[in-house]
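Each of the next two complexes has subunit A plus one other chain: subunit B in the first, subunit C in the second.
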Partner chain A sequence: MNARRLLYITGVVALIAWIIVPIYLIALGAFSGRAGVFRWPKSLWPGDATFAAMQVFLQVEGVWKAALNSVIVAGLCMLFSVLLGAPAGYALARFSFRGQTAYRLLIVLTRAFPLAILALPLTVNFIRVGLYDTTLGVALVHTALAFPFAALVSSSLFMGIPRELEEAAWVFGCSRFQAFMKVVLPLALPGLAATAIFAFVISWNEVFAAAVLTVRERTLTAYLLTVLSESPLHFRFAGGFLLIVPSVLFIFAVRKYLFAMWGISNR
Partner chain B sequence: MAGILIDRIRKTFGAATALSEISLEIADGEFLALLGPSGCGKTTLLRIIAGLETQTSGRVVIGDRDVSALPPKDRGLAMVFQNYAVFPHMTVFENVAFGLRMQKVDEATIKREVERAAALLHIEPYLERYPAKLSGGQRQRVAVARALAVRPAVLLMDEPLSNLDALLRLEMRSELKGVLQQSGTTTIYVTHDQTEAMGLADRIAVMHGGVIEQIGAPQMIYERPATKFVGGFVGSPPMNFIRMPVEAGRAALDGFAAHCPGSGRDILCGIRPEDMRLAPGGDGLAFRVMVAEPLGSTLLLTGKVQDQLIRVAARPDAGLKAGDTITLEPETRRIVWLDPETGRALGA
Partner chain C sequence: MTNSRLLPYLLVAPSVVFLGLLFVVPLVQTIVIAFTDQGGASLAHFRKMAGDLNFGLSLRNTFLLVAVVIPLQIGLALAMAVMLQKLEKGRDLVLWIWTIPLGVSDLAAGLVWLAILQDRGYLNSALFALGLIDGPTNWLSYENPTTLFIGIVLAEIWRATAIVLVILVAGFQLIPKEYNEAAEVFGATGWTRFRKITLPLLKPSLQSALILRTVLAFEVFAVVYALGGRNYPVLVGEAYTWMRDSQNDGVAAAYAILIMVISLAATLLYIRLLRTKPETQA
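On to the complex of A and B.
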């Protein structure tokens, strides 16, 4: 009993350390100024906390535009992933059709090709159809990354909703579509919201495709990658911190739905 | 107006046959109970009538419309599901109102109908609750109320009272019967509780292994079962089947003998436990009591005639106990003679 408890606590501590410590170090770097970054040993709290780096950083030309691009791209990616992934998931969950297993496998396989290999042909094609250097183009690539996740998660989501509920709706006068809207969707909504948020975060954090496929319409990650490689260290920390904060806040805000999705806590 | 005709319905799931050529006609306003053991295809048949399952072959006609190819919503019926299928994201009120809302009924009527159905099933106190906060029996009653609220012409119910305690079930049963009779609703009522079927139905269809073994009035099913299965399934305790040798058109065993139909060398004598008189000293079957169970209204005796196990319902004051040997006199008029090979009843 005691040994198990010890193991449990150790596990929790390790997990927290795994996630919190890097975030904390980045935050420390971002707020402790030029000298603080190199100080060793690190103080737990920056005695001379300063927003200077952050302030300078936020005034760098193009940061706000890139941030806006990031929001647009992630928003589009979220939209596309759910609009395409949810119907695919519903089909996988409710219908048995030929090649279903193959289709399932294919969905996962889309993640088997490294983006680095796809980048060149993708760039060429994007230039040809006029998607190169547009937020829409980046959003489409990000959707390709997020879609497998969206489709598979929503399929298990729909599988968890008893078929009889839908059937009851049909019997009492609903068409297939009405039953979906009135019964299935409300029940799947928390899970779908979680799926959407994951798509958002995947897109927000993605840097490779965004960097390769844009020149002027950079997303925040791609922009920071180019700008920060020439900046002093504390600026880099400031940039990194700025990147992390939105996704952490976002996930924190919707954690209830994430947990509901995995059945950890409910209602 | 809304009778149901089930015409040679077959249903297979892959290699397994769930229903083999079911034909059935239910008159407008009739109450038919579908009775049978678990897995005999009752739910499958209901789902085919409702349009939730596609038949392998055959037709379903409701009223004068062939609905075989129509989606559920166009078949004009209501259903109570075996596992309730109450919508978890709606309050009880909204659940009961669901069908009416789909029919775009005005708000005042919805309120009135919901309250009527709720009162009938004693769920008024829970109207504002969500189903997650209800017990199984309460949820089941919500499912029944949801079906009654739309005042359907055809009502399909799949074991709608299975989860209620005995007292409440008895009460609901009679109220249900009253309401459905009054509204003239054509009802198919699935159950594997035979007292429920006997008490409620105008006619009972006994199903077994995907076929209808017999269909008829409850008393008919009880007194003249068409097969050994029906006799054994309907009635509690079940009918006894005593194998007897036949000589020159007479079945005889121990001191008992009676005219019988058929031409085999052996015959099955089907006789209900309550249709055997205790006749001490008279002519009849020598019965050795092995177990005596006082059931209140009767004394149930289990024992052997020669080496065949049978049950006898005696008067509670018969004063018999294990080890006693008595003579039984079956009432000849109430005997059902069956072919021991096919298990089918033989015409007298």
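On to the complex of A and C.
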């Protein structure tokens, strides 16, 4: 029994290391600069890590702008996903209406398709309406990626809020809208915030559509992808590290909701 | 109240319009672009796609990657989920660490593993210290397709097992404890309980995890590109190259159609294979 326990603990620790160590190593690569990247053999301790290496990366032409673009795109995606997803989720949770099954199917289909690939024809459409190579255009495509999650998650959120609370508010003279704003929304707000952050992460990490739909207004992922083959290694590691940090922090912020979200939204 | 009958439609209308413009219309357009050439219906783009040197290779590579990565991920995620069930202390912390890759993009994951596997990287430094290699060795080059493949598999497993884990942990939470307790009373061992109770009740979660992961796995691109450039061609990478470098929308659209058909076929297959009767659901 003791040997089994030891095996079990070893397994847990090994899997923790499996996740943590690679992140530590890219951080090391990102902060050790040009000299560190070519050193051989490498030390696994942060001997020559400096902030200067990261600073150099941030001063490279285009990096700062690309990072800013990524934030703008992800912010817009977050906004659109909630604005479209929350009403849809509320409708799915509180009403039974004709066409509901078809609507649900549309949402599930959107999620089951390799959506980023649709960026190809969208290029032509976007050029026509002036959305090509704009942050707004990329944000719209990313919203299509994030919307199914936002809708299904907020529908399960609203289902978890008892209808009686809302009805009580109507009895006391609230209109449907007032009841929603004063009773339902405050209860749903933390969950909606988690949904929004999840949309942010989806957008921040998306590569293909962002790379196809932009030329000058690149997001960080699109920028890194296009300069990948000609950029030095320490530059790539700094970029990779910069991509990882915000989304890891965001996942930490919403960790409580991840499971509730997936458990229900997948049925 | 006519108001409340109209309300659900008003609520879903914006998203229907949005999905129409950003999903249905481009979907139809992709099909049109792929199947027309110089104004008429034709399979020319598909012929050109199939005739390309990289086509067979990228198709084979993508399938190989999916076939190796998905089973390993499901197995690993199941093991992790079972371990979490048994953990008494620090469960939340372990869970958070294990789900960190959820926020890591495929491009970043590729770069993380590039830092480890490049010729002067950390893996080689460790191997050198152990005396296993004589100097910098390039594992990710064109001449070493096997090690490049292993590198991509490692990066994919590292990055995308977390989403399977999250879905499975959520599924575990829905299995009533009494089932396991009852089986224990009747003398079922841990392994029997896992096979006869946990696994069947987990089927719906396994199904959604498989569908989501497989669809995303057929889209694999940035991880591969970051690690091996075009040394390991995959389907989406080819679509990207045809679009970006060759400026050929038709062939790119043909690739898109192919990927969609494969993803859809995989989804339908899973739905068929893992069908659960309503009365056996937890």
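FYI, the second predicted complex is superposed on the first by the 216 of 267 C-alpha atoms of A that agree within 3 Å, B and C clash if a C-alpha of one lies under 4 Å from a C-alpha of the other, contacts with A are read in each partner's own complex, and residues count from 1 in each chain.
Note that in this section contacts are C-beta pairs under 8 Å (C-beta built on N, C-alpha and C of every residue); 3 or more make two chains touch, one makes a residue touch a chain.
Everything numeric in this text was worked out from a predicted model, so none of it was measured.
In the overlay built on the shared chain, the residue A:V183 is in contact with subunit B alone; subunit C does not reach it. Between subunit B and subunit C, it is C that contacts the larger number of residues in subunit A. By the touch criterion defined above, A:V129 lies against neither subunit B nor subunit C after alignment on the C-alpha atoms of chain A. Of the two partner chains placed by superposition, only subunit C is touched by A:L120; subunit B is not.
When both complexes are aligned on chain A by C-alpha atoms, subunit A residues 176, 267 touch subunit B in the first and subunit C in the second.
The touching residues of subunit A, counted against subunit C in their complex, run 8, 11-12, 15-16, 18-20, 22-23, 25-26, 28-29, 37-44, 83-85, 87-88, 90-92, 94-95, 97, 100, 103, 106-107, 110-125, 140-141, 143-144, 147, 151, 176, 201, 204-208, 211-212, 221, 224-225, 228-229, 233, 236-237, 239-241, 243-244, 247-248, 250-252, 255, 258-260, 262-264, 266-267.
On the subunit C side of its complex with subunit A, the touching residues are 3-5, 7-9, 11-12, 14-16, 18-19, 22-23, 25-27, 29-30, 33, 79-80, 83, 86-87, 92, 94-108, 110-116, 118, 120-122, 124-126, 128-129, 135-136, 158, 166-167, 169-171, 173-174, 204-205, 208, 211-212, 215-216, 218-219, 221-222, 225-226, 229, 236, 239-240, 243-244, 249, 252-253, 255-256, 259-260, 263-264, 267. Touching subunit B in their complex are the following residues of subunit A: 162, 164-165, 167-176, 178, 183, 186-187, 267. Here subunit B touches subunit A in the complex through residues 50-52, 71-73, 77-79, 81, 83, 85-89, 98-99, 102-103, 132, 146, 150, going by the rule given at the top.
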